[in-house]
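Labels for the chains are A, B, C, D, E and F, by order of writing; each one numbers its residues from 1.
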Amino acid sequence: MATLSKVPRTEVLKDVQETLGLVPEWVRSIPESVLPGLWAEMRDFYLAETKIPNKYKELIGLGVAGATRCKYCALFHTEAARLFGATDEEIAEASALAGFSMQVSTYVNAKQIDFDKFKKETLEIVEHVKRQMAAAPGKARAEQPRHA
Amino acid sequence: MATLSKVPRTEVLKDVQETLGLVPEWVRSIPESVLPGLWAEMRDFYLAETKIPNKYKELIGLGVAGATRCKYCALFHTEAARLFGATDEEIAEASALAGFSMQVSTYVNAKQIDFDKFKKETLEIVEHVKRQMAAAPGKARAEQPRHA
Amino acid sequence: MATLSKVPRTEVLKDVQETLGLVPEWVRSIPESVLPGLWAEMRDFYLAETKIPNKYKELIGLGVAGATRCKYCALFHTEAARLFGATDEEIAEASALAGFSMQVSTYVNAKQIDFDKFKKETLEIVEHVKRQMAAAPGKARAEQPRHA
Amino acid sequence: MATLSKVPRTEVLKDVQETLGLVPEWVRSIPESVLPGLWAEMRDFYLAETKIPNKYKELIGLGVAGATRCKYCALFHTEAARLFGATDEEIAEASALAGFSMQVSTYVNAKQIDFDKFKKETLEIVEHVKRQMAAAPGKARAEQPRHA
Amino acid sequence: MATLSKVPRTEVLKDVQETLGLVPEWVRSIPESVLPGLWAEMRDFYLAETKIPNKYKELIGLGVAGATRCKYCALFHTEAARLFGATDEEIAEASALAGFSMQVSTYVNAKQIDFDKFKKETLEIVEHVKRQMAAAPGKARAEQPRHA
Amino acid sequence: MATLSKVPRTEVLKDVQETLGLVPEWVRSIPESVLPGLWAEMRDFYLAETKIPNKYKELIGLGVAGATRCKYCALFHTEAARLFGATDEEIAEASALAGFSMQVSTYVNAKQIDFDKFKKETLEIVEHVKRQMAAAPGKARAEQPRHA
């Protein structure tokens, strides 16, 4: 894997310039030994076509941004989500989903819910819903959005 | 909205039982004044068909779980994501996306990147990519997954 | 529980308007399937009279806001705490309590303190203090504030 | 303030032993230069009678523990809250309050709600409720718990 | 340890004034029962010469600030790190290190990596690197910085 | 930068095997498009000799782990810090430093300390200490540890 560490900074910055149209200040400030790897992840995973469509990658990032209070990320992921086709409603839903998840998680952690029982009950719930979905496939909660 | 607050606990628990197949301990422990509203959100938003497909709602929750270290949620969202069709690869990608986002966000917050400049550059990047996508629509990063 | 999900958005917003005197932008932006449940929790639990007096509910919220760095919440909970009678000293104490708790928790998590031993010792401490309080009830750390 | 820094470790540990009945492992592991100050805070603020009653201090700590996922703190604050008279219902309410606050805060941070507008609306809401409480003092949300 | 709790506020504030050249607003706002202990920790541990050099203490604080999004701390620790000799490159590296750590930690928590296996493998890795360092001490990753 | 994205997974895993002595499960589970970049960062920055000595990189990671409650990271960074020469005292100090920083940060965020005033006062403090260090260089808080 020797080639990977040999990528010169100027080459990385040139690649950033071509891909993003500019080299943002935050990218320029990244230490030399960090940049090639970070940019490889950004270009080949985050911005690339992978198993999760880019719109949903951005909505995952948006949920994380809300839960961990990063204003940079909330801005970036919102704009990028819109770029990849997200509507205002989807942005609001992703924000609300992260909020709902944080509500329940904060509660169960504070209440010291027994983890083994939680796991057992969760797996039983999954089996129950699976049976329901098999019995009434037409009414199943589809993977596809309702309003696509 | 008077009816909303009148929903008796027994009626809510009956609805939980029917929907999930059991009443998990953590639901049973929720205070009386909290439960009707929390369950309404869970049933009518989180578990319902809304703009964001359930599979992606779970992957958002999974990203949040990793970033905020909730073992209950990591388990729940992983199992529910699988129920709604997520593959191991999608689960790994959602985890990695949250990780990548936390990496950059931790860096830019520590480095005190100027927010106004960050915003300006982000909007310029979005315009640049938009132009590229318009110029080469066939090569655009599609909303649909590559391997669907 | 059918009624709960049937509450129309206009009815919820009317209830918000009556209770708060206006419909804040953040409430208005909440997705339709989320709003009835979230508002039910806000009205019937958070803003209602429940077991924990409202002043202390706000101080709990303030502690959480400080620990998780939410500027919206720090503002909201501070103003609401004052509305319910909190003094500047109580607001400073709640902030300091959250700070003290985060100090110790960060330390014990980083130091990988053995959890089972921590639990055993904590229960022994509780028993010790209980015995002391029983032996000298006049000197017990009372539930009531000293300067009420 | 010279005296404070001169407190020998053995004297601090003796004080811990007398107050808690034992010296927990986590206290024993604290660096020499940290312990006198940390213990002073613990004894003179956290465990002492101050403006906020100890029961509510523990419930603040419990809310913070849930929001920041500290299992040590969830255990400690729950046991200490009970020691100071908290009921199961109050413990569940504190957990739910932290959960509700994290839900809304995650949402407003992800949705990038305008802070100045949020502040203006919050202050208006506070004024509205204040007027309502003045007009109907008997129905005001009292500082005292309903079921005291 | 009686002396410790007897330190009057005026004496503490005088000590703060002498050490820092002023009494910052945030110090002045700290509750009376909290201040002596907090200042003792700040003066005798945080600002004092201890096992970890002050420059690196500040870089630890900076990493924590980035990971937990505290703008006050990012500013304070950056300025203090520079005061104790940190270069721009070291500040960028500390920010990136915190970022890298948050990336991996978010991933492994979301992916529910088995902890016992993680521990076993980590200990094996440490043994492997230890053997390598012993075999080639000249090439070992030294404790001293390369560019000191 | 074409070469970087072309690094095949097998080559990366071989490099991991050589460097760490094994391929940990968590590395093996990382998505194909993420691994080359993440490993490049790990090898060329995190594990490499850079401006911040490895021992201190690990202590930064340990502080972050405590503040963000990652048990995997607390274990990993503790073991790696020891590998690079950290003593038990340094590990306890890093944990306590992160704890102290989280205490103050939680407090100032909850108390809504005015940021501009905080910044102005911080810069004045830095100037004050700088003058003191220049006036009494022998007594200055040195960059080198006392007990090296």
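To be clear about the criterion, contacts are C-beta pairs under 8 Å (C-beta built on N, C-alpha and C of every residue); 3 or more make two chains touch, one makes a residue touch a chain.
Computed from a prediction, not measured in an experiment: that's the story for all the values here.
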Chains touching both chain C and chain D: A, B, E, F
Chain whose average C-alpha position is farthest from chain E's own: B
Furthest chain, CA centroid comparison against chain A: D
When chain A is superposed on chain D by its C-alpha atoms, the rotation angle in degrees, nearest 5: 180
Approximate Å spacing (C-alpha centroids) for the pair chain C, chain F: 32
Cα-centroid distance, chain D relative to chain E, in whole angstrom: 24
Chain C and chain E, separation of their C-alpha mean positions in angstrom: 29
Sequence positions of chain E contacting 2 or more other chains: 29-31, 34, 38, 41-42, 45, 48, 50-51, 63, 65, 67-71, 75, 89, 92-94, 96, 98, 100, 102-105, 107-109, 111
Touching residues (chain side chain B, partner chain D) in the complex: 29-31, 34, 64, 68-70
Of all residues in chain F, those that touch chain C in their complex: 62-63, 65-67, 69, 71, 74-75, 78, 91-92, 94-96, 98-100, 102-112
Chain A-touching residues of chain F, taken from the complex the two chains share: 1, 3-5, 7, 11-12, 14-15, 31, 33-34, 36-45, 48, 50-51
Chain E-touching residues of chain C, taken from the complex the two chains share: 69, 89, 92-93, 96, 100
Chain D residues within the chain C interface of the complex: 20-22, 24-26, 29-30, 38, 41-42, 45-57, 59-61, 63-65, 67-68, 70-73, 75-77, 79-80, 82-85, 87, 89-90, 93-94, 96-98, 100-105, 107-109, 111, 113-115, 117-119, 121-130, 133, 141-147
